[in-house]
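Chain nomenclature is as follows: A, B and C, assigned in order of appearance, with residue numbering initiated at 1 for each chain independently.
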Amino acid sequence: MLELDRITKRFGRVTVADSLSLAVRPGEAVGVVGPNGAGKTSLFGIISGDLAPDAGEVRFDGRPVTRLDASARCRLGIGRTYQVPRPFEGMTVLENLLVAAEQGAGARGRAGLSLAIRVLAETGLTELADRPAERLGLLHRKRLELARALSTRPKLLLLDEVAGGLTDPEVTELVEIIATARARDGLAVIWIEHVVRALTGTVDRLLCLAAGRIIGDGRPEEVLAAPAVREVFLGTDPR
Amino acid sequence: MTRVIAATVLLLALAAVPYTLGPVAEQPLIGLFSLVALATLWNLLAGFAGLTSFGQQAYLGIGAYALYLLAARGLDPFLGIPLAALVAGAVAVPVSFPVLRLSGGHFAVATWVLAEIFRLAVTLSPALGGNTGVALPGLGGYEPLVRQAVTYWWALGLAACSVLGVWLLARGGFGLRARAVQSDPVAAASSGVRVDRTRRWAYCLAASGTGAVGALLFVYTLYVQPGSIFGVQYSVSMMFMVLIGGIGTIEGPVAGALIFFGLQQALSGYGPWYLVLLGAVAIAVTLFAPRGLWGRLGRPVFPIGYRLE
Amino acid sequence: MIMGLVTGIVQGVLLGGAYALIACGLSLAFGVMRLVNIAHGDLAVCGAYLALVLATGLGVPVAVTLPLILPIAFAAGVLLQLVLFQRALRGGVLAPVLVTFGLSVMIQNLLVTGASADPRSLDGGRLAMAGFTIGDLTLSWLRVIGFLLAVAVLGTLHLLLRRTAFGRRIRATADDLETARLVGIRVRPVFACVAGIAVATAVLAGVYIGLTATFDPYAGGLTLIFAFEAVVVGGLGSLWGTLLGGIVLGVTQQLVGLWDVRFAVLAVHVLFFTVLVVRPRGLLS
């Protein structure tokens, strides 16, 4: 459903994507690991449309989307979260989800409201529905980030370190929320995470990125055992 | 329901002013109503779409000069007001493409440059009276008292329509989108919001309404000069009213217009010191009370937004 | 005809230097702090008034007042940053625009109360009158010095940013505020210095403008607009782009002025909008 075809992106002398190609099938769950500066978040930017690649093509559902902006790609079914949550401050939690439901999922009026209310319940945010987003703590900001992405009713969900900074039980809860959404809607997920433990139980496929290239791609345990992958983690054990 | 009744009663009472209080009250109220409309429209831009324009005077001028051209061709000036609004809105559409490529301070200065372009163009155009300005033709048929009363009703109508219109926009889907764009345009885009389109609507609607106010000011003063109608002072006062009243609310700009009007009446004799004070208050409110007076003290009469309850 | 064109272009380049001199502080403050200082032009005008007061008060040439004025300007910039801009930058997207606009209104009207709205000019002494000729071309020393001054200031800023440890700290902060904090850069003094430098360059430009033209308390608005146009035409955040932008504006103004002087300023504004449509990221990017 998602295909990246020889994507290249440079910032000055730093290469964040080096003729990178990747295909993700419908319903697949792909984890992404890699050292800092490997190009993980830039990869999301290129997929979601926040970043324009210097060369290469992005295809979604078989059609080229390289020239579409982030808004159009979201409406086609690419939802994303940001590593540092970017809630709409000055709006309530419910309103945050309503924007995504009305605009991203195209559910206007009552349909939008019921979609937002359903996602609130699924993500455990119902209690906080009327709270202004700027008054949320980190855990709830991370949840709101996920909930807003889910409210766009994505076919492909890009998760950028949604578990970072959370405690173990919080991570478990978050993983469950994502698993439930996947089970029901059959959405594909690409998930960047430093907490590899959160990934290994969830994803069927793991990518390791370094210096804008894919240096490992396969079943999680195989990728993590590969020498090239162990080397970029500089001897530290990613597990 | 009580709110609707109260608003209707207030509107009817204000509409009856020419018969009750008469011309003495009309003059200051025309000024006040145009301030209410200007502040409300600036708030549509800055408070909802996150666009701080310092160039709305461009559309005041376009509205006024459009009215001049229409009236010079024999159209009744009062009927020309809505047409002037259309002209201002139509000018804003092509203009919005370059200026909306910028945001924040860059957008602010670019809109200001735009107003300068229009001012210079009018100054250099003999058909529009150049630097000396033009008088409004076509009002000779009205008795002075009738003319002022009709002007008054137009001012009241514009103020009421602006407040009501911006409220209806803000409480619906448009308001939701605009507030998301204001809060974080990048996140708004990746939630599916068409950021440019939302901003363009806000910009063009505000331009159109401001054009109507420009035409109204022309009808009221009967004379227009590029140096004053295209003056950046208008943007200073719009910003001041919105900030002090409460940016991003419906009541804020109305309250701000009342305060500004009061200060103007009380302090304008002090000349520049009065403007120094305005500047200082604008800074203090932005830094220490960013929600403005209404945001601090008042309760929403015109609620916007969605609640689960 | 050809000679007229050559004169126009040379004068335009020299004028462009002056625009770039005003604009570089604006460009620097935006590049490092993301601050668009709407009061930048008014601060420049303040510099011209300060030079006027000091030069007449002490009875010395304007140039002699500079060693006194520039440190004051730097200190004023630091103070503005610490008291106003810093808070404003924390207050979201709108706050810096609104605060600096409020500051602009205050400065203009304080100048009106202190110095009246009458146009003034600075007395450049013999230098203002002196000129030299190359072939058929007559040039004013003052304008040539102004242009060289602009190049020198831009060059110094460039070296400061590229070649010094302080410059590396500034660039690191500009690239990524959070990371800069993490690696132990104290952002507050860096920002304060940048604001000080920005105001000092503005004031220097203001004094130069005061020597070449008349100014009044409201001159800051148009000064800001020209500086801003130079920054955008050249390309946001690039110092040499700002010089190029200033030169393009200056040459346009002079050449159109040859044809009809009334259209000169209008042409500059229209050029700015054309660049915005055709090359929204500026000529050098």
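Quick note on the criterion: contacts are C-beta pairs under 8 Å (C-beta built on N, C-alpha and C of every residue); 3 or more make two chains touch, one makes a residue touch a chain.
Note that the structure is a prediction, hence the values are computed from the model and not measured.
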Intersection of the contact lists for chain A and chain C: B
Most heavily contacting chain pair (counted by C-beta pairs in contact): B-C
Mean-CA-position distance for chain B and chain A (Å): 42
Chain B and chain C: spacing of chain centres that average the CA atoms, whole Å: 32
Numbers and ranges of chain B residues touching at least 2 other chains: 182
Residue ranges of chain A in contact with chain B within the complex: 48-50, 69-71, 74-75, 79-80, 82, 86-92, 94-96, 98-100, 102-106, 108, 113, 117, 120, 126, 129-130, 148-149, 151-152
Parts of chain B lying in touch with chain A, wherever the complex brings them together: 173, 176-177, 179-180, 182-184, 186-195, 248, 305-309
Contact footprint of chain B on chain C as seen in their complex: 30, 35-38, 84, 87-88, 91-106, 108-110, 112-113, 221-222, 224-225, 228-229, 232, 236, 262-263, 265-266, 269-270, 272-273, 276-277, 280
Touching residues on chain B, where the partner in the complex is chain C: 46, 50, 52, 54, 97-99, 101-106, 108-110, 112-114, 116-117, 120-121, 124, 182, 232, 236, 239, 243, 247, 271-273, 275-276, 278-283, 286-287, 290
